[in-house]
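Pasting the structures in now, so scroll down.
Consider the two complexes below, in which chain A is the common component and chain B and chain C are the respective partners.
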Partner chain A sequence: MGYLLKRAGQGAIVLWAAFTVAFILLQALPGDAIMNRFLNPDLGLTSEQISQLRQSYGVGAPLWQQYFHSAWAFLTGDLGNSLEDGTPVRLLIEGALPSTAVLAAFGLLFAILLALAVAFLSALAPFAWLRNLLQSLPSLFIAVPVFWLGIMLIQILSFKLRLVSIINPGPVEGLVLPVATLAIPLSAPLAQVLVRSIDETLLSPFITVAAAKGASRVRLLVHEVARNAVLPAVTVAGLLFGELIGSAIVTETVYGRVGLGRITEAAVKAQDAPVVEAVVLISAIVFVVVNLIVDLLYPLLDARLRTRAAAI
Partner chain B sequence: MTGKTRSPVLQVKGLSVSYLRDHEATQAVDDISFSIDQGQLLALVGESGSGKTTVAQSVIGLLPGNGRIDSGEILLNGVDISRWNWRRLQTVRGRRIGLVPQDPAASLNPVRTIGANLGEVLRIHTRVRGSELRRQVVELLARVGIDDPERRARQYPHELSGGMRQRVLIASAIALRPDLIIADEPTSALDVTVQKVILDLLDDLRREYGTAILFVTHDLAIAAERSTEVVVLRDGRVQEHASTAEVLSNPRTEYARTLLRDAPALAGRAAPLPPAADLAAIALRADSLVQTFALGRKRDEFRAVDDVSFAVPAGTTHALVGESGSGKTTSARIVVGFRRPTSGRVEIDGIDLASLRGEALRQARRTVQLVYQNPYGSLDPRRSVEEIVTEPLRNFGLGDRRSRLAKAGDLIERVALPASVLGRRPHELSGGQRQRVAIARALVLEPRVVVFDEAVSALDVTVQAQVLRLLEDLQRDLGLTYLFVSHDLSVVRHIAHTVSVMRRGRVVEEGPTESVFGTPVHEYTRTLIDAIPRPSERVS
Partner chain C sequence: MTAQAVTVGDEIRRPTAIVRRLRRVSPALVLAWLAVAVVVAWALVPWLFSAADPTIGVSGQRLQAPSIQHLFGTDQLGRDVLDRVIYGSRFSLVGALVAVGVGLVAGTALGVLAGTLSRAVDDVIMRIVDVLLAIPSLLLSLSIITLLGFGTVNVSIAVGITSIAMFARLTRSQVVKVRHTDYVEAAVGSGGHFLGVLWRHVLPNSMGPVVALSALQFGSAILQIATLGFLGFGAPPPTPEWGLMVSEGRNYIATSWWLTTLPGAIVVVVVLSTHRVSRSLGREKRG
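Up next, the complex of A and B:
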């Protein structure tokens, strides 16, 4: 229980740091969204009117006031309004989040499945050349840029083979290509970590003992190796979730999907600070929660960590 | 037993094995033959690199990936299994051949319970499942002498001691009553008293089930005590192959004679005599050392060292002996100054180390040096031997480059290494050579006291004997005082003038080595001494 509280406390610190850094970075950018919008000479606003407008948005106040004001607003769940068109950020996020969440969740899921398949098949491969081929896949996956992969997948699967439509696709059909685009590069580091930890685990004396009991090769991998080898990969999976958000932005742009990625892209272009800050914070929350889950998974997977966790 | 002639359980005929390294085959085992009958224990004895483990791995078909059987046959109950693939071997592994491995700490799957680890062999070969499986697992645990087997089955490997883990592994090896058990150094990672219990257990099982045992060991004393037949290997070849009694009484080869002479438990050398008490000044004195560690978040404390005192006259050797957890290593670390005791004091030539701070403490450290157990881990792999040996001089800013080099050359000669090793790196040296380098490094500051923490435990017996002789020569020539920490009573008996027997942080018995070993007073000392393998009291 103390372990859980400690981890949650660390998560809260990470969130606070993410919020602060985002706040400072956005303030450091030259100009702001209001300037961009109202400084346009066609609107014919006087400088007094502009400063009044700025006042009403709360941008004129000293930085520390703004900081505490928006920190308090976030704590109470008020994400503020978009500077661009005044819609509540909350509404924007609520509209985009489900689509991105589905994309990210399936992306991670398929990345894990792909990594497991590559790692375990290469461990079972009966020929050296097949093992080498499978183990070289991750380097290939990681070398491919997301945007290029997306375009290639569209070209081949959609236009040439006409397997999936990208124009007005159904909800499931529409997910296939973006998920593949997201999952393939993400699976590479996972697969590499898995391949290594499987190799290391296979050298452990307890594997020899299990083999001496008459276990088949498949049984060795499934019963003895898997749970030991998966531990480091779980850590990496948690860390990769951070990258997932970044990849999602590119993927959503390539496939023209509505989602957090699109909103972020637009908000950054327009220097729409409240939206950017909300997205940063939401990404940080997801990241912290996912890694909290990872921390809680360890003791379940490895009994040795149970006593240690209790002692902390 | 029926009257008809039975074929041996295991016959190895003309076995040759090689390893492929960098596209080059190295012969590891060369034309080895032996056989084991039902209920017999054959000991395969040899030092590191002799090929003994390779033979054991070949029998059960678990050679490393680059190993290959070049020729020969391995007959299990008359059937050659040497060319069988993994799938066919699955039918004999665990069912007909059981394996008891070397290192019980790493040989159980850490993420599965004891019950799951042990039940695996039943799940692989039988249809027993559920409550019946649990019942058999508990029965097996009880058979190998594990207390409270129901609870143990639910625990994880890290919650059991080394001896208990080895019992679990033995239980797993005997679960299906195999014809043959391969025991690969099954006790080399265990304390002597635990070793005795495990060896007794294997003997019981052999007699009860008539299992044949292939016993792989580096320890001729264990082989002599437990086996009916001995095969001595060296560099992959059979040196000697005869009944145990014959090898002991009438060894035919020079190598077997060397092994017999160097095995500390077998050699009949008397302990060195303690010096006359009034002759020498006390070089090292430990006075009521106490070391406590906090336990968890409660205010409980663990007394790792509990009121330990000893005094070592200059030019003599004092030994701290005990099993794991006895506090001997913690005491040694306090003496070297790595750890400030909770209370008590250490005096070297009358100077209390604990009273010193800063630069004075640093200078005082020169007077006491440490030689550590593992000659592989204690030398920086990226430095040459010369750099390693001269480093303490550089740390203390002593001498110039030339005088330091001359000193290193001197010491390398003293520890009987050729001058050419100065330019080499540790990985180019053998274990014994590395330990000599570590000794040279300890001596370069001309210390008064040298602490040896299990310094010869990792070495082969013949190398061990050479290093022990070197230590005696150095002590005589340089007037050094030794504190010798070891779990190995036979080695201690050879080198130490006086001894403290430790158990659970306390000294239970102390005195001149000869009287402690000859007429032990404390119950625990007697148990320890009884646990030393003795070929004269053969159990067969």
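Up next, the complex of A and C:
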């Protein structure tokens, strides 16, 4: 319990710091973002109107007031307004989040499946060359730019082989290529960790005992190795969450999908800092929460850690 | 008993030494070094490899498929894609150098401070590092670009900032390890000045893994810079930047596969090679 509180406290501190950094950066960008937008003589605003506008964006108040004001607003779910057209950022994000969440969830799922397949098949591979081939896949996957992979998949699977349509696809068909684009590079670090921990586990004495008792290689892998080898992979999966969100953003731009990615891209193009910062903060929250969950899952997955966690 | 243990140890050590020597001349590593050398040469003296100006096209030669004349084909303005890739290598390599430089200098400085100064400083710095690690690197670089504006240099700085946290963590752990070794304690004990000891003993002995990480980050930086270029935040259009080339080629994806495929394939080859080289560097450092 104390362990849980400690981890949650650390997470909260990180989030508070992230919020503060985002706030400072927004200040650095200045009220001049507003000035830039409205000082344009074409708009024909008087200086009085501009100072009113600045007031409505809360630029005039002292810094500490603004800080607490926006911290409170953030906690209550008010993420500010887009500089571009004044839409509440919250509405923008609420509209885009579900589609990105679906893409990211399936991407992670298939990345895990792919990594498991590569790692276990390479452990079972009867020939050295096949084993080497499978084990070199992750280093190839990791070097492939997500945007390029997406385009290659479109080119080969959609244009050449006509297996998947990307023009007006159904909801499931439309997910196939983006999920593959997301899953392939993401599977690489997972597979590398799995391969390494399977190798290490195979060297442990209890595996030798099980093998001596006559267990087949498949049985060994499934019954003895899997449980132990999966543990480090869970940690890596948690750490990969940031990567997942980043890749999802790129994938969405490649496939022209609605989602956080498109919002972020447009916001960066328009230098719309409140939107960018909100997306950044939300992904930081997701990252911290996911890794907190991973930490809490650990004792559940590994009996050896239960007493230690309780002791802390 | 002990004699036996020694022979067993030797038996294990001998083959690995041979394997290590073999690995050093493995064909994959040679190819990787070759690829890196070629791209560095492209970046240094692009005019030796291509005669044409990469920003001016020949109007009669639009969208030609790869041939002997144009190995990588030509684009919608009749520009030779290979020429553009060659001239583009400079943007990627210089950008990656700047990025690694930013991450290395700032990260090492933070790591050394955290590892040597008081507990409070350590805590503050490491929490900042935690924050940097909690933000997806693409989003972090995007928010920095929002603040700094677009352009090759800003993109490189943004990519560099995303790697500060990793450098800081690694340096700190190394410094903490080295700081409590006997020779450092001896240097301090014999009256060495704090900064002097830091500079002469702690830093040189903690930098091995940091150098390996720099090499690894170089490849990742090329990847990230290409991604940001693809999203359109790097250099503006006539620039032959690799990511931007893929992005521009997207409009001709149905008819001219080479516009997107080949520049991207070069990115894959370069990143793969730098990763391979950095892994061999890391192994030698450790070995």
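Basically, the second predicted complex is superposed on the first by the 301 of 312 C-alpha atoms of A that agree within 3 Å, B and C clash if a C-alpha of one lies under 4 Å from a C-alpha of the other, contacts with A are read in each partner's own complex, and residues count from 1 in each chain.
Keep in mind that, in the parts below, a contact is a pair of C-beta atoms (placed from the backbone, for glycine too) under 8 Å apart; a residue touches a chain by one contact, two chains touch by 3 or more.
Only a predicted model underlies this, so the values are computations on that prediction, with no experimental measurement involved.
Trainee: Just chain B (first), just chain C (second), both, or neither: which does A:199 touch?
Mentor: Neither partner.
Trainee: If you count the residues of chain A that each partner touches, which comes out higher, chain B or chain C?
Mentor: Of chain B and chain C, more residues of chain A lie in contact with C.
Trainee: For A:173, using the defined touch cut-off, is the partner it touches chain B, chain C, both, or neither? Pick first, second, both or neither.
Mentor: neither
Trainee: Touching A:152 in the superposition: chain B (first), chain C (second), both, neither?
Mentor: Only chain C is touched by A:152; chain B is not.
Trainee: Determine, under the contact definition given at the top, whether A:212 touches first (chain B), second (chain C), both, or neither.
Mentor: Touch status of A:212: first partner only.
Trainee: Applying the document's definition of touch, where does A:280 land relative to chain B and chain C: first, second, both, or neither?
Mentor: second
Trainee: For A:17, is the partner it touches chain B (first), chain C (second), both, or none of the two (neither)?
Mentor: second
Trainee: Between chain B (first) and chain C (second), which, if any, makes contact with A:250: first, second, both or neither?
Mentor: So A:250 only meets chain C here.
Trainee: State which residues of chain A lie in both footprints, the one left by chain B and the one left by chain C.
Mentor: none
Trainee: Which chain B residues qualify as touching chain A in the complex?
Mentor: The contact residues of chain B facing chain A are 60, 62, 86-87, 89-95, 97-99, 101-103, 106-113, 117, 120-121, 124-125, 156, 158, 169, 172, 182, 296-297.
Trainee: What does chain A use to touch chain C in their complex?
Mentor: 10, 13-15, 17-18, 21-22, 25, 28-29, 139-140, 142-148, 151-152, 154-155, 159, 241-247, 249-250, 253, 264-265, 267-269, 271-273, 276-277, 279-280, 283-284, 287-288
Trainee: Which residues of chain C touch chain A in their complex?
Mentor: 127-128, 130-131, 133-140, 142-143, 145-147, 149, 219, 223, 226-227, 230-233, 243, 246-247, 250, 253-254, 257, 260-261, 264, 267-268, 271-272, 275-276
Trainee: In the complex, go through chain A and note every residue touching chain B.
Mentor: For this pair, the touching residues of chain A are 204-206, 208-217, 219, 223-224, 227-228, 301-304, 311.
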